[in-house]
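Same chain, two partners: chain A is paired with chain B first, then with chain C.
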Partner chain A sequence: MRRFRIQTPLGRAVGLGSAKSGFGHWWTERITAAALVLPAIWFAASLIAHSGSDYDTFRRWLREPINTALMVLLLVTLFWHAALGLQVVIEDYVHSVAKIWALIVMRFACFALAAVGIIAALRIALGA
Partner chain B sequence: MPRTDAFIVRSSDQVPKHPLLKRFPVPRNFGVTPGSRIERGRTWAAPAGAVRTKAFEIYRYDPDGDDNPRLDTFEVDLDACGPMVLDALIWIKNNVDPTLTFRRSCREGICGSCAMNIDGANWLACTRYIEETGTPAQIYPLANMRIIKDLVPDLTHVLAQYEMIEPWLQATTPAPDRERLQAPEDRAKLDGYYECILCFCCTSGCPSHWWNGDRFLGPAALLQAWRWLTDSRDEAAGERLDLLEDPFRLYRCHTILNCTRTCPKGLNPGKAIAQIKKMIVDRQS
Partner chain C sequence: MERMTTKRARPLSPNIQIYRPQLTSVLSIANRITGVALSVFAVVLVIWLAAAASGPAAYSQLQTIIGSWPGQILFLIATFAFFLHLCGGIRHLVWDSVRAFELKQIYASGWAVVLLSAALTVISWLLNLLIAGHS
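What follows is the complex of A and B.
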């Protein structure tokens, strides 16, 4: 909803001015994307390799330090990248007060899912 | 220039291997307020005795009446008019309906006035051959602009965005007595950017500008910004980058590249924007 306002075209175009940031978000999104390539291939290949395995074999596989480390890295990078990407999608398409709430809820969800995944992986790796 | 099939479109000279739909497949007038729905207008028959004719469907909107926009069909006598879409429009204005309104000036692709949506793609009417268009040829004004009348869009906002990037040479060093010198290699860096004629075909075709045009500068203004950033005579690169570095002004570009696909001058605004982003990387690291 746009209020009627008498404003010069330049004033409207300038708006609130430059945020003088945005590089960090954009660059991190690209770096996390690149960082996801190898863990994603590893994850998909491992799942396919273990498609016939039972639960205990899979647990034993995840207990191996290299696999635990890769799993935690994958979860961190994945949800970091997801949070950055979803932020762009929300900013693109949501133009009401819902935007700020959507951004907050989305961030919380990404952090929560990452936390749940990492704790699950560590429990299998370190726990009973 | 020969047209080649290409999967990655680097310039609008290339025709994509998989041609896009002329019209995005949503129902007509989807989500459009009742007063803006495009209705079927009248049909203007070809003059008696015309041998080769072609139908043009042209968007009409009269701001002085209360009528909705409409799509008029004109039968154009191809033997009586020139080869370009603009020639057909001028023929219609001179011979059929003098109220048909459009911008035009140079008729040779250098003024940028006659930018419009021809068969679903933004192009200059003066450099698009009639024979390249479908039947009927569909002519709409540039998308995502307030329409003043018929094919005349209101460019106030996009021109203000152009003004905002301060498109003039800025230097604190006192001006020399003669012209500012520039090495031939540095001059070559402006090639592909100085040719922009500000027709706004690209900005009108950019989905990011559709959704966030109030804050995203759009490809035309950003290509111009790069034209000054890469000019070796300019001393304001830092301030220019400060002005651009913003989640919306610059980074709302998601490299959709409709701009490069539609540029009637064969320029590459998408590359210009990528160069700006690269320059900011260079500044940060």
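What follows is the complex of A and C.
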């Protein structure tokens, strides 16, 4: 017997789905991945071109507005994507209370590293 | 009473070590391993920026460490991990759009990812030697 459902599939998924916040995580992981492609290629190309540079050349390079912007965008997207990816790894291999602590420490570390990186990049870009 | 407090070793379902490694499974775990490795290298990126922000002395000290043999080997690993994760990630995004999901295509794209990552690693190091090596 076919049961008639008045609820739409979307309504059912939103209300009762097992995914909970899983879809948001999955989707954000993809969006940050796609957003990372361009800054990542820029970063690799920059390293190829400037890895042997002295301090002043490097500073001049990072002070160019496009490079400052891309560096900040790279740091934001990179650590966002890293936090989402590492979360899955931790959830798969670490269990019980250790899992919760690992997740908290990992997230704090990602936020802190992104903050330190952005502040450092801005200090070079805007500093005297 | 002891039997109630000690945990019996429960049988495990067949685990990864009994399966023959295949391109699909190896690339799957490689994407995860390179992701974790690149997270560690992201810490190096932040240290590098922080060193550069604190002054020329710290910057040149870090350049020396990166320029050393262990530093260069780590950087070579990082380059390959970077390209493998980038190419593998794009492959995943293509799959997520429900394309190229036939077994034949999966193997073709898998080998493409491996070869492209190796080629891009070699090319970027040669380019780097060509550009930075002469300055």
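By definition in this document, the second predicted complex is superposed on the first by the 110 of 128 C-alpha atoms of A that agree within 3 Å, B and C clash if a C-alpha of one lies under 4 Å from a C-alpha of the other, contacts with A are read in each partner's own complex, and residues count from 1 in each chain.
In the analysis below, a residue touches a chain if its C-beta (ideal position, glycine included) is under 8 Å from a C-beta of that chain, and two chains touch if they have at least 3 such contacts.
For clarity, every value in this text was computed on a predicted model and none was experimentally measured.
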Which of chain B and chain C A:Leu10 touches, first, second, both or neither: first
Which superposed partner A:Ser21 touches (first chain B, second chain C, both, neither): first
First, second, both or neither for A:Ile104, with chain B first and chain C second: neither
Touching partner for A:Arg123 - first (chain B), second (chain C), both, neither: second
Which of chain B and chain C A:Glu91 touches, first, second, both or neither: first
Contacts of A:Phe79 with chain B and chain C, given as first, second, both or neither: second
Chain B or chain C, by number of chain A residues touched: C
List of chain A residues in touch with chain C within their complex: 30, 33-34, 36-37, 40-41, 44, 47-55, 58-59, 62, 71, 75, 78-79, 82, 85-86, 89, 113, 116-117, 119-121, 123-124, 127
For the chain C and chain A complex, residues of the former touching the latter: 32, 35-36, 38-39, 42-43, 45-46, 49-50, 52-53, 56, 59-60, 66, 79, 82, 86, 89-90, 92-93, 96, 124, 127-128, 131-133, 135
Of all residues in chain A, those that touch chain B in their complex: 8-10, 12-15, 18-23, 25-27, 88, 91-93, 95
Sites on chain B touched by chain A in the complex: 156-157, 159-161, 163-164, 208, 211-212, 214-215, 242-252, 254, 277, 280-281, 284
